[in-house]
Amino acid sequence: MNLDWSIVWQSRGLLLEGALVTILLTALTMAIAVPGGIVLALMRGSRFKPVALFATGFVELFRNLPLLLLVYWAFYVMPVLTDLSLSPFTTGLTALCLNVSAYNSETFRSGINSIRKGQTEAGLAIGMSRAQVFRQIILPQAWRRVLPILASTWVSLFKDTSLVSVIAVGELAHTAMQIRSQSFRVLEMLTAMGAIYWLMGYPQAKLTDWIHRKYGARE
Amino acid sequence: MTAFTRKNADKPPVLVYEDVRKKYGGFTALDGVSLHVNAGEVVCLIGPSGSGKSTLLRCTNALETIDSGTVRFEGKPLPKADADIRKVRQRMGMVFQSFELFPHKTALENVAIGLTTVRKLPAQAAEERARALLAKVGLADKTANYPANLSGGQQQRVAIARALAMEPHVMLFDEPTSALDPETVGEVLNVMRDLAQEGMTMIVVTHEMSFARRVANWVVVFERGRLLEEGPPQQIFEAPTVERTRDFLSHLGWDD
Amino acid sequence: MSKRDRPRVCRLAGPSLIPTTMDFDFSPLIDSWRFLASGLGQTLLLSVAAVVCSFVLGLAVGLGRLYGPFWLRIPLVFYIDSMRAIPVFVVLVWIYFSVPILTGHSFAPFWAALVGITIHVAAYVAEVIRAGIVSIRKGQVQAGLALGMSRPQIIRDILLPQAIVRMLPAFGSIISVTIKDTAIAAVIAVPELMRQAETLAGETYRPIEIFSAVMIVYFVIIFPVTRLIDRFYSRVAHLGRS
């Protein structure tokens, strides 16, 4: 076994680019899936039954599927549905958003449900509208309970972005796998890939722990 | 029975309940309640828990909907549309058993929030009003405190100030002292008594019989969703005409 | 059927596979249901094996982290936190491709997948177990000590039974995550459901029909698991409240 770790250093530009795409993908997905989750959670609570039913179906479906399957499915189905040829990046982003919005909706729903009914009534009793009560009373309180779970979801999402590599989105995993197959430096590149994920993911995991300690589990 | 004239009996009543009925599944919470409240009156609703007095209060500002009957506020039946209901609620202040202050807002912000969001008052003006109201309930020095840093009695006084901020025509109190430590009950009752002396129309669901006896103009006894008896406090507490009223009061140690 | 015996090459989806019109043909599903069913069998086998192995390893790691000696706790914490940072995809690929280089022994894809998923999921199991035990009030331990019980007895007879009930919802989600993770084994050519679907989609040019059908199959497996555990939990929740 002869190892040549110089390949990692030589590929630093590409790997850095891949890592940036990974971060971009994570951030963009979250930026879409947080409002998406709130909207879905509100739809599930809607008094208009078809809306609630649609949201429930959406959430349960995309929460209970392997993400890899969702990625493939989006890859084949989206162009037919939308009649557009979407880039792998957009397709991967869509699959991630469907998945994470479904998760976030559950997070927000339980956060909102954890606020006592009396808080809503107190807001209504001074003449606030339901929308005002939601924005000014419920959401700010639910936020504290939701934030730790969102942080955990963020870390899971960061890891899950590696799965869009199967449809050739140029993020970290795909980049590293490409270099591996071109250079035949399999052990070196795969180890480097793991190490880079670790370097990026470890602080995020620790930050999540901190957020849990600061906000979590306080009644 | 001696003749008793209710306060402002010559003027149209503020609130009229006509044959109000309300069921929760198989449980009948209100079984045909008819009642009226005149301007400036303090009406205390008493009775065993689960007898429907809190439900009636919550139907008054449409936090609960009634199954049949009518609730008239200032001559008009409660509206159905959300926007109209909101206008009515602004004219009724409500104080909850569990305070329900907003924990993410300071005492001052709790009092001001209705003024800024519902009345659309400028922040400056809302703050001034809120400050004055907190002073009125004896909490001028607690404006910056969050609810978590206030005692139960202080929180309930903030809640009263929050309701008063909307300049209500009637105040609804839902067991305002039931969740309080005994030593802070008095400070809340004092604020309520002062309010009554200023002529505020008040409906108070309470287990504080001494308050009902001393402050109320009219006392209504509930049992199983019906009116058992109503009358001036002297009658209810000293010469109840219904046997079961006597039973209820004697359970609470009011058998003179 | 002879088609199935061809060596399967890793196929990356290409634009040529994308149908241009909305006409559906579900006949490949009917023709090749055995092929997909064998994949489903592998998925179920891998899921059950991975769940069992991760729970055994996770319990050991979780208890070791809580009660083990100092020198053991540090590497265990490091292992758990590392698994929280590295994607399961990366773990799988690394084990499948790198371990043979390091040891000189090649690995059947199924075993590589089982080991990779187990190593990853066990870290989460360990965390859930630790958190569950820590959440039991101190008074329970003291009550056990007051009865003259030993530490292992207290862990086994007082803490774990209560903690396990509290952990049930978290275990439910770990099980469903594990089943979902088995799909990732497709990238190292384990012939489970995801992989078979991919192969079939490539051969028949009917990806939409096949992936949609497989979606339903996965949903039908994963959804009840989450629901059943939740239902069971709501029935036994009182046992975990002390």
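Think of it as A, B and C in the order they're written, each chain with its own count starting at 1.
As a convention for this text, contacts are C-beta pairs under 8 Å (C-beta built on N, C-alpha and C of every residue); 3 or more make two chains touch, one makes a residue touch a chain.
Predicted, not measured: the structure shown is a model, and the values here were computed from it.
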Next item on the list: Identify the chain whose mean C-alpha position lies nearest to the mean of all protein C-alpha atoms shown.
Entry: A
Next item on the list: Going by C-alpha centroids, which chain is farthest from subunit C? Tell me that one.
Entry: B
Note to self: Using Cα averages as centroids, what's the distance between subunit A and subunit B in whole Å?
What the structure shows: 47
Check: Quick one: subunit A and subunit C, Cα centre-to-centre, how many Å?
Finding: 19
Next item on the list: Could you tell me the distance, in whole angstrom, between the mean C-alpha positions of subunit B and subunit C?
Entry: 56
Notebook entry, point to check: Where on subunit A is subunit B touching in the complex?
Noted result: 116, 118-119, 121-130, 132, 136-137, 140-141
Notebook entry, point to check: Can you name the residues of subunit A that touch subunit C in the complex?
Noted result: 1, 60-61, 64-69, 72-73, 75-77, 79-80, 85, 155, 159-163, 165-168, 173, 177, 180, 186-187, 190-191, 193-194, 197-198, 200-202, 204-206
Checklist line | Residue ranges of subunit C touching subunit A (in the complex, touch as defined) | finding: 12-13, 15, 17-19, 22, 81-82, 84-91, 93-94, 97-98, 101-102, 176, 179-184, 186-187, 194, 197-198, 201, 207-208, 211-212, 214-215, 218-219, 222-223, 226
Check: Can you list the subunit B residues touching subunit A in their complex?
Finding: 58, 61, 63, 82-83, 86-87, 89-90, 92-94, 96, 98, 100-104, 113-114, 117-118, 159, 162-163, 165-166
